[in-house]
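When the chains are written out, they are named A, B, C and D in that same order, and each has its own residue count from 1.
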Amino acid sequence: MSGITDVAGVRVGHVTLNHDDGPHAVRTGVTAIVPGEEMFRRKMAAGAHVINGFGKMAGLAQVAELGRLETPILLTNTLSVWQAGDGLVQHMLRGDPAIGSVNPVVGECNDGHLNDIQGLHVRPEHALAALDVAAGGSVEEGPVGAGTGMVCYGWKGGIGTASRSWASTALGGGQVTLGALVLANFGRRGDLVVRGCPVGRLLAEAPPAPTSGEGGSVIVLLATDAPLTSRQLTRVARRAAAGLARTGSVYHHGSGDFALAFSTARAYPPFLADEGELLNPFFVAAADVVEESVLRALRAGRDMVGRDGHRVEALPWARVEAMLKAAGLPLL
Amino acid sequence: MSGITDVAGVRVGHVTLNHDDGPHAVRTGVTAIVPGEEMFRRKMAAGAHVINGFGKMAGLAQVAELGRLETPILLTNTLSVWQAGDGLVQHMLRGDPAIGSVNPVVGECNDGHLNDIQGLHVRPEHALAALDVAAGGSVEEGPVGAGTGMVCYGWKGGIGTASRSWASTALGGGQVTLGALVLANFGRRGDLVVRGCPVGRLLAEAPPAPTSGEGGSVIVLLATDAPLTSRQLTRVARRAAAGLARTGSVYHHGSGDFALAFSTARAYPPFLADEGELLNPFFVAAADVVEESVLRALRAGRDMVGRDGHRVEALPWARVEAMLKAAGLPLL
Amino acid sequence: MSGITDVAGVRVGHVTLNHDDGPHAVRTGVTAIVPGEEMFRRKMAAGAHVINGFGKMAGLAQVAELGRLETPILLTNTLSVWQAGDGLVQHMLRGDPAIGSVNPVVGECNDGHLNDIQGLHVRPEHALAALDVAAGGSVEEGPVGAGTGMVCYGWKGGIGTASRSWASTALGGGQVTLGALVLANFGRRGDLVVRGCPVGRLLAEAPPAPTSGEGGSVIVLLATDAPLTSRQLTRVARRAAAGLARTGSVYHHGSGDFALAFSTARAYPPFLADEGELLNPFFVAAADVVEESVLRALRAGRDMVGRDGHRVEALPWARVEAMLKAAGLPLL
Amino acid sequence: MSGITDVAGVRVGHVTLNHDDGPHAVRTGVTAIVPGEEMFRRKMAAGAHVINGFGKMAGLAQVAELGRLETPILLTNTLSVWQAGDGLVQHMLRGDPAIGSVNPVVGECNDGHLNDIQGLHVRPEHALAALDVAAGGSVEEGPVGAGTGMVCYGWKGGIGTASRSWASTALGGGQVTLGALVLANFGRRGDLVVRGCPVGRLLAEAPPAPTSGEGGSVIVLLATDAPLTSRQLTRVARRAAAGLARTGSVYHHGSGDFALAFSTARAYPPFLADEGELLNPFFVAAADVVEESVLRALRAGRDMVGRDGHRVEALPWARVEAMLKAAGLPLL
């Protein structure tokens, strides 16, 4: 399993900015998720859900109105949405110079605990580069791309991804895949739950990392190759809330928690398909892949020293595994 | 702790209809939640959130528009919303004969697995009676009132309630309370999680109870004495999704999952209060009391035989407690 | 042109309750709109828009979630939603006794100025009768069915209907129809505009009819035979706001203004159809048929004396036509 | 009357880019609306409404979640949202270098018919300059700032503004003001209605200007000094739809029509104020000032030749006035 790229045609690219120390330490980047080719001319069905709208994710109003995604999706830090969006506009104009109006989708989290966010280090060319290097296959996770400076449950956060495949009886038995990619930058130390184990409380002796609860956020992207309508994709996106809650989130006030789902199928399901038979497997899978993506982002963490000497440690995964084993709870 | 009635002035009343056997077995009822006195003339701030709108909860459009609750809230079975609503209209007219327009709020779940739902056994007088007997203090839980015939995670469900109190620094240190009451009728047997313990999987040998996943639903009511705006109450209501997810829910397609929060304070908080400082404790508490209310509804279950001999057993709570103890997980 | 019944398969039925005088004068009724046959088993795509949610229209949450209409639609007075809904449940159970959950859609306006609304004179059997007599072809307009006691812009209001047909280039040139039916009970005397002519101001000498602005409302139903998605139908429904505004409405605080659109096609449009080419004709037509339906409801008005001797006059249509002619403005 | 600046403390600034001819003719700019001082530290209540979400207005999700505006508002062209947003971030950081997360609000319309929009001529420094020159008092209207290259109903569009003041009985008789500012770039030639007069049809001989219907849009900003909640401001914002409809709009598919209302009062109204008494005057005024702002934008039009020699003429206002006079309809 590679994650969201298990949905055929989906590509992911990272540009990581990790240099300097002290007050201007740069720990940020851009991650590009490319759903497929010719996005502007052959738009894909999409739906979004705002779990907690303390955030600046761009492009959602048009996705809600038209039910369509017409660009790749970029992720970056909170104050760099604008540079990334400008890069995405330039990217679209290169592909089709006649475009007069285009709806870039850009998600963000606040990496200001480790990153000199006010330095505005992300530039449009970083967005363009992330789009250029986007590839299928294995996805690098953890502190990479937009995830470079992120903090999750007080541990090193960042990018995580996961997927599930199954045979859809409602779609005639064909194999379908649902993939997730998250930019994980949320949660309070004590709240972390791994597969039911209250890891956060059990690791309570660890030093707290202050910013993630308040300035934190999480962006969830969900991709499927199944033909779902924008309304159905919106319903799938809403199940991200269940996956996040399983890891301990209550969607804090200051956390910009957004989920967006798209379908690469560019087609409708059968009109009279039983929607329960069709969607319940997606709902179950959506909660699962979101939960797993967050855990994988944590598992891929590495200790990092950033701005002003702020230090964030990786979640001690071996200890987590030992705890789960002791409790008889399932491993990742 | 009594539950939602720990919020001063909130009263709860049940009318239970439990008689006959065979195809016309009646296992249903009405539960009335009375937020306070003079509801029509002195409306309360309220906000609602639709987690999954496969349901018929009445009155939400006006609550969303006006941010106000002007009647008590009734809970009953899916096909009896109309009889209950009629009773609530009559109740309001008795209190104020000049009312020309009133917005009854009525929530529902489908108890058709145990109850002869098509028999339409709930009548307006049952609604009136539930309103009449509503009282503060201890709340009866489990298969009572609207909860009589409900099924939750394949076990006997029904009414559950819980509350939390704390000193609110954002409100000058005053004590505030958040209470929940749920009508729990959702979830698939294998999915149940209790305090992190995958009880559903561990009790997999038990016979499945088929209806709750598809025809199920859950109504969540949240009450507080703190002065919150309707917008803030809506945000509190949204955290019900986290509480439900902790018990194993992914909000199945066929589950009508609604949450409504109201404030008995009839006042605004300070305009420039820090909303994070004010609301995060409510968000944490909302997830907690919703989770706990569902578990209490299950704990209060009793074996029941209903329509056509359909049998639903109570969750074997002693076994659950043993599992939690073995896993080192916290008890209820 | 017959109105909404110009959409093939759509039927309309009225039951009018018009008897007695004095404090208990009954001036109310039920109107049933039947979109087609076998509604529960073969649901239709639908979308709704809340223009101003001071109202109690039932069933909208599920329509929004599932994008489907599964029952006929009933219209009645504000306090009788519950009796009508109960009748609609009974109607559905007659058609399919195994139904355990069904989502009745019931719209309402407040006819309490002319009708003894607190008398709760509408009974489930009136709903059943309206469904039984529903027929295609010519639709009776004005003070009939649910429109019996309604007041619009201070004049006698009620039921109005209109339709437009055109060849849809986006659908391969096939003929499509959009029909509207309104229950018109809104607006202040001085605000009425007919085809651009400020009729309300010009007829300012007339005695005001006090209730419609505050306690008024309007329900707009839109039907089409074109294959539109629920998202697209929601967009069409939103254009009802433009049609109402043309007649002078600003959607007063106390007016419950709801619009619901459905498609009888039970099919999707081509996935990559140009949505502008497809929908703009629907948007233009929606504003037109809603405006025209309101004007037709007024044109069909007849003087009525109701509760406590309250008198509402019909809009003097001949004078309106003379005004339009003088101003060089188009007639109805 | 000056328009939106009649609300005390509100300032408006334009930067106009109007140079060159041929394929790279620049006809664009930035308009800044500054609601008051210290926006980040003392946020204002705000609410927004998406009339038709074919647009890229930034910042709405957070306004909806938090009900607060924390920055000035910028208007510019569709592809320059990102440059303007970047400028607004820089502006906020200058005011408070510790800001780690801020929610810029940027509205846009497509001026690509007259402007070399793909040239991306707006830069962050233009945004900064517009903020710097923002002032109270008289507001320049028509083809200025963000309005420079806009087209409305096929005539020269751009910026328009208007206001109303009245004594609010619900607020104890105090004087309140509601102001609007629109960026008008929408509508089809034949649809224009001025005060009820079908000007569009009567001027049908004029050459059509093709882009505004499809690529057009309108941004409506509403400001008041009255203490309204974010929920109430959202309701006020929704009445923009009525004002636009009066000028002939049906909110075409390709038109990004957004409305945002804010209150400079930084306070709540009385909790138990009669909301009808409080808000109906705002609803009436909102429709009025939006209608008037659009007409004033048209009245202030001047003939312009732009990109590739595209020519757009000013609406012949003297002829419009003559038409209104002939029809006995009220003048602006």
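As a convention for this text, a residue touches a chain if its C-beta (ideal position, glycine included) is under 8 Å from a C-beta of that chain, and two chains touch if they have at least 3 such contacts.
It should be emphasised that the depicted structure is a prediction, and the values quoted were computed from it without experimental measurement.
A.B. asks: Across the interfaces B-C and B-D, which one involves more C-beta pairs in contact?
C.D. replies: Comparing B-C with B-D, the pair joined by more C-beta contacts is B-C.
A.B. asks: Taking each chain's centre as the mean of its C-alpha atoms, give the chain farthest from chain B.
C.D. replies: D
A.B. asks: Could you grab the centroid distance between chain B and chain D? Build each centroid from C-alpha atoms only and quote it in angstrom.
C.D. replies: Going by mean C-alpha positions, chain B sits 44 Å from chain D.
A.B. asks: Could you tell me the distance, in whole angstrom, between the mean C-alpha positions of chain C and chain D?
C.D. replies: 33
A.B. asks: Roughly how far is chain B from chain C, centre to centre by C-alpha average, rounded to an integer in Å?
C.D. replies: So the centre of chain B lies 34 Å away from the centre of chain C.
A.B. asks: Hunt down the residues of chain C that sit against at least two other chains at once, touch-wise.
C.D. replies: Those would be 52, 65-66, 235, 275.
A.B. asks: Which of the residues in chain C end up touching chain D in this complex?
C.D. replies: 51-52, 193, 196-198, 213-214, 235, 238-239, 241-246, 249-254, 275-276, 279-280, 283-284, 286-287, 326-330
A.B. asks: Inside the complex, what are the residues of chain C that reach chain B?
C.D. replies: 50, 52-62, 64-66, 78-79, 81-83, 85-86, 89-90, 93, 97-104, 110, 112, 117-118, 120, 215, 256, 258
A.B. asks: Give every residue of chain B touching chain D within the complex, in rising order.
C.D. replies: Against chain D, chain B makes touches at 42-43, 45, 65-67, 229-231, 235, 266-268, 271-272, 275.
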